[in-house]
Amino acid sequence: MTEILQVVFDALSLGSLYALGALGIALIFGVMRLVNFAHGDTMAFCVFAMLWPSVDAAAIVFAGNLPAWLLIPFILAVGAGLSVLSEIIVFRRFRNTNPATMMIASFALGFVIRYFLLMLYSSRPKSIDLWSNLGLPVEILGARIPLLQVITIVTAIAILIALTFFLKRTRFGLEMRAAAENFTMARMLGVRANRVIMLAFALSGMLAAAVALILVTQTGTADIQMGGNIMLIAFIATVIGGLGSLPGAVFAGFLIGAIATVMQVVLPPEARPFRDAFVYAAVIATLIWRPNGIFMPKSAKQRV
Amino acid sequence: MTLLSVNDITVRYGRLTALRGASLTLNEGEILFVTGPNGAGKSTLMKAIAGVVKPVGGSIAFRGETISGRSPEDIARMGFSMVPEGREVFGSLTIEENLRLGIGMRADRDQAARDLEMVYSIFPVLLSRRHQHAGALSGGQQQMLVIGRALMAGPKLIAIDEPSLGLAPKVIDDVYQTLVKLRDTIGLTLLIVEQSATRAKLTGGRMILMRSGEVALEGDARELASSDALKQAYFGYGEHGK
Amino acid sequence: MAQKLAADMVSVAFEGLRALSNVTLEIPAGRVTGLIGPNGAGKTTCVNVLTGFQKPSMGRVMLDGLDISGLPAHRVRQTGIARTFQSGRLFADLTVHENLEVTGVGLGLSRREASLKADALLDWIGISALSDRLAGGLPYTDERRVAIGRALMLEPAFLLLDEPAAGMSAEEADELSRLIHRITDEVKCGVLLIEHNIGLVLKTCHSIYVLDSGEIIEFGTPDAIKASEKVRHAYMGTQADAEGEIL
Amino acid sequence: DDDKIVVGFATAASGFMQAYDKPAQDAAMIKIDEINKAGGLLGKQIEVVTADTKTDRAEGAKAGLEVIDKGADLVVVSCDYDFGSPAALAAESAGKISFFLCAESIKAGIQGVGPHSFSASVLAPVQGATMAEWAYNKKNARKFYRLLDTWTEYNKGICDGFDWMLPRLKDAKLVGEDTFKNEDASIAAQITRIKSLPEQPDAIMLCSMMPGVVSAIKQIRAAGITAPILNGSGVDGSYWLSAVPDLSNFFTPVQGSIYGDDPNKDVTAFNAKYKEVTGADPSSQYVYPGYVMIDVWAKAVERAKSTDADAVVAELEKMKDEPTLFGPRSFSSEIHHQNRGRYLIVETDKGKPRVIDEWTISEAIPVDYLVSK
Amino acid sequence: MAERASILSRTIATPVILGLLLTAIALLALLMGSGPFNQTIIDIFIRVILVVGLYIFIGNSGVISFGHIGFTCLGAYMTAWLTIPPPMKKMALPGLPGFVLEAKLPFWVGVPAAAIFAALIAFFFGKILMRLSGIAASIATFAMLALINQIYSNWEDVTGATSSVVGIPINRSIWPYFVATLVAVAIGYAYSISRSGLALRAARDEATAAAASGVDIPKERLRAFVISAFVMGGGGALYAHSVGVVTPDTFYLGLTFISLSMLVVGGMGSLSGAVIGVVLLSTIIQILRLFEKGVALGDTVLTIPNGVQEIAIGVIMIVILMRRPAGLIGNREVGWKGFRKA
């Protein structure tokens, strides 16, 4: 029993990280039809913002030494700032262009951010100790789970609820969804669409920062590529969850985390390296089963 | 009092000139029909006023302020409400959400609530399906929705590009009756692209005819609609100056 | 060439909403059949069912006695049933000529054959001048004519037109009416015409179905429809009366 | 030309391999400088030419061709086999000697490139075998757990060496094994598996490398698993220790110590020299193979009295336990790599690494075994 | 009305001009006669093949595939399996079937075989995936890439897992690559003017209307998928022979995004865009490289710091796309009199 519970927590903790990533991707996709490939690099940027630029092997911790009540807002602000800047300098000029063009632009932007970090910090992964005591396990119903993972799970769910409420119940959410669907028409209705989109970018940037903080606390490592994998999984989660559906993205994030964890547990040792192959096969199966995503309401399908 | 004046505007799409020096004025509380053959530039004129396409020459003033060059949302917030050609509903939003989008910039929430009721009473089908996605509506129902949405903004001037598109005759009547009533009660000004001269005649007001990106003819809707001049201008036999 | 396309007791439901209930109708070859009714009556849904875009919840679609319900849309087109859409749906990045060519290719012609057919058809409709323009930038009315041309490729047995005259002036609608008659006369296909332009329908159709809330409430000749109190009540406007004053 | 000898570096000056290539290359430059200052090689000065591989394989092939074009007698290629081999292959087909800066796969040499190719480091399996045998003898470890990061051949190589050694250790057994991926954000499931073992292991053989290894260690310790962790050389260095405060019971094999406590004082002197030249202390033992490489190659050139590739290869293959600053080196016509080697053992205790021992595996790992893996 | 010229005669200028461009590049390599430069040109040719392969599917169907580099991987490994000397194979890849272990085929057999193999696998994947469209299809193709990558990264006996596969005969002559590139361009051209190409482009614009025109969209997509996989597989095989080693991670996200970028920057819907995009971006990269190494301008040597080249390329791409969202060439194709509508 406790063993199963332990697996559940393991799955939830990986899943919540994916879910948080997926929220950041889904938000921007929802409002701009943009698959923001720079999201992962924004995460890396937030992590490196804790360090002083240097190409030495040893990291010089800088902002990372701030007390939590200062550090968290600072990193969130960095994420939001970079994200908003990306919107103003780059993405704003790609309104109404096709998704492929926007996607490549975001990829190129990510590339620029990555190499910028590389120039400042070198390609060497750096180490940084943030809130180690969060790694200590707490006992829940007999299962032992690191405090950090509890925090991650709770954060992911709290953010989901807050965001869903925000998008469903406030005027801003309505305008955001409208701008996503038809930018020009929304403006003709008086929606200050640029402002709306900018806010979405700020939120997405903060989500990237949140993932960055959790990741760095968990791994103790700052690596240029660190956001990449989560971003990809998040991207997949966004699509199989149902495009534009935040709960869908979160659910799919948890689902992928769960599948990966369960595969790790049940596969025999020889097959374990193929764990991710099973995960991707499951992704394909899900897409064939529900091409519009798990959470897509039927009525949202375009009628003829 | 002049509400809208369009002075000599020119609009190009690449090499194609869609408007060449078009002008018109519209007074408060007036009805102005715009008619003209296929490709004359009627829709382009609407879009230019709304700020969606940028004229390369000329100027547009609304409520005494120059609006050419302003963003569509600023123009909308000044009280210009537009129903574009071709039913641009937000298919993934519900019907009520579509309608509520229109009231974003209004301060008078009570009046907005009353307007919502009014829209639902003109188009009862929207009320019965208010929580459904707008994308599922039939063509005509979508047209009702966009007209309703434009009214929700509480505009000074409403511009409708072909209101009758896809609507059943009975509904067209309802729409026109409502528009005229609003003109009479709250002084709403109407700018309507309408292919049907008969409809213009029945409603009354002023009318202009566009051809090849210019205003070719102007006059009283009732007189013009029954005159041969309109037909001639429509097909371009003989030029009528403005 | 097939002689009769029919819907047999077709029903369609969307999450509780009955868009069509037990609709039975027939489209004979060589004639123009009208389908009118208030907004949301189910006209487009009916066309969708007949052309394979919508599976009926119940009932069948019969082509000359052959059950074709359940065929995917492209297969339906290959049996000779063509349609247009309420919203243009042209291939925006292709030229007008290519728009027509696609149907030829879709029906199994080589590009060369399809190209020749497209030229001939554009000529026949009278829009050869548009041939090399990108379909994306066409004005509304031209869009409609190209859509008809595209559907007419390879002389379909049936042509279903969903509001082809929307946005047309009286004169343009007149011209469309003539075109439709040319189609029935020369191509010999059966046409289903959905329109809110009553004048056009009355003038063009041989017989007319009236649909309301998913049910056929009336069927008859234009004169009979014009006279029907039921239709007038459900559909016609007060001023835009059945005389077809408003075109 | 005849008045100089050219060493060509087809290495990464950008991209992530740069972090490995640059330090080793700096060390090689120090040796080259020393030789030049001492009058050169065969009386000629050594000249250096470089080309950037950008950490890209296709670019690597180009870089190799480019330094050959510039007359390189020795082609030094990227540390890692995957990224170095395109340039090495280019050298091989041009009949030039190539040296991998620090590749630790058997392929970096005859088996994967050809008879003119060498590596300056020690095979990864030797590291795994060393740690297993050492822990068995010195830590009395009998129950081993094997945790493999399937990301690279290097990681697998460590575990291969461990696998080879384990059956040779009487009574030692594997109580469990698992795999993970370097990029895994969380290895919670793997940790759960260790913790639910009926008996906890005496030592965990961790076959992984930067950056994922840090995350794995951090999570293992955070979960309260205190068993000794054995590693390959890839984790050497103190730069990352801040990530796991007070890390203890953690063991790494190294060719030389960067911590100032190498039994050989010359190593400490080299470290100082390195700092003087580059402005920083060596960050890990991976600087050393660069120095060793030039050292053994230069000796072979002197002995062959020529830079002719075949003659130099012949001399290199004669080396048996040739002493270098960082342990003895042997090459043969069968293998151009070290399948046995002296390692210093570094223990990290309360976050402080220091040399505690020295170990050479009791028997060389057979070439057949290495190749079959 | 003037008689319409046949599609072939109206459009043949495009492949001819592109062919001439490629010939000029090949001649340039010969003229320079330097090893590294030759290798650079070989690289460009391989890139052109890959991007043309992408164009065939993505350009015509409008579905952004993240999966095609998977076919490149399949092709590269296939030619490795066929052309590596048997003794080396038996050592490194003992899990291969017997007849493959014994095979020692020349590279001009290996490359087409690789292309066919990739096409075959594409057929199986395509059967399942081509029913999807839009972003779902993109993700599914990405999952396919990841699946291929995971299998090739872990199947020790057959692919050598993450370890480099070596012993692939290296060919440094420019001609095979040149000829293969011409063939790829010819295939790309032939597909784009084919019935299937037209039908697929129609479906890209308006799937619903395409179905109403009798187009069987999944079938047409599958056709393009298989043909493009053929080209991608061949490109992968050529890559293997140009470098001599392959590993699975060579054929993963990095190559995917670079190739996609070149396609989009060149002009996604145009064969000319595919070719010119690659040539142009590669040229810019080479020039920046030159500056990285230092360029003497008069007395001063102009050098840009390491890393700036990558940043610059990123910025240049963004700027090009800002200016020309449809890519440099857009949807047009080169003709004798400049560009014409595709």
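By written order: A, B, C, D and E. Residues from 1 in each chain.
The working rule: a residue touches a chain if its C-beta (ideal position, glycine included) is under 8 Å from a C-beta of that chain, and two chains touch if they have at least 3 such contacts.
Only a predicted model underlies this, so the values are computations on that prediction, with no experimental measurement involved.
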{"item": "Third chains touching both chain D and chain A", "value": "E"}
{"item": "Chain located farthest away, centre of chain B as origin (C-alpha)", "value": "D"}
{"item": "Chain pair, A-E or A-C, that carries the greater number of C-beta contacts", "value": "A-E"}
{"item": "Farthest chain relative to chain A (centres taken as mean CA coordinates)", "value": "C"}
{"item": "Separation of chain A from chain B, taking each centre as the mean of its C-alpha atoms, in whole Å", "value": "43"}
{"item": "For chain D paired with chain E, centre-to-centre distance based on mean C-alpha positions, whole Å", "value": "36"}
{"item": "Distance from chain D to chain C - Cα centre to Cα centre, in angstrom", "value": "75"}
{"item": "Chain B and chain C: spacing of chain centres that average the CA atoms, whole Å", "value": "28"}
{"item": "Residue numbers of chain E (touch at least two other chains)", "value": "153-154, 161, 208, 306-307, 310"}
{"item": "Set of chain A residues in contact with two or more other chains", "value": "118, 228, 273, 276, 299, 304"}
{"item": "Chain D: positions in contact with at least two other chains", "value": "14, 150"}
{"item": "Contacting chain pairs - touch in the sense defined above", "value": "A-B, A-C, A-D, A-E, B-C, C-E, D-E"}
{"item": "Complex interface listing, chain A residues touching chain E", "value": "35, 37, 90, 93-94, 97-101, 103-105, 107-109, 111-112, 115-116, 118-119, 228, 232, 235-236, 239-240, 243, 273-274, 276-277, 280-281, 283-284, 287-288, 291-293, 304"}
{"item": "In the complex, chain B residues that touch chain C", "value": "13, 16, 35, 37-39, 85-87, 125, 136-141, 143-144, 162, 164-173, 195-199, 202, 231, 234-235"}
{"item": "Residues on chain E engaged by chain D in the complex (per definition of touch)", "value": "34-36, 39-40, 43, 91, 153-154, 161-164, 166, 170, 239, 242-245, 247, 250, 292, 306-307, 309-310"}
{"item": "Touch list for chain D against partner chain E, complex", "value": "13-14, 51-52, 57-58, 60-63, 65-66, 68-69, 81-82, 85-86, 89, 93, 105, 107, 111-113, 150-153, 156, 371-372"}
{"item": "In the complex with chain A, residue positions of chain D that touch it", "value": "14-19, 55, 150, 177-181, 183, 185-186, 188-190, 192-193, 195-196, 210-212, 214-215, 218-219, 221-224, 237-245, 280, 283-284"}
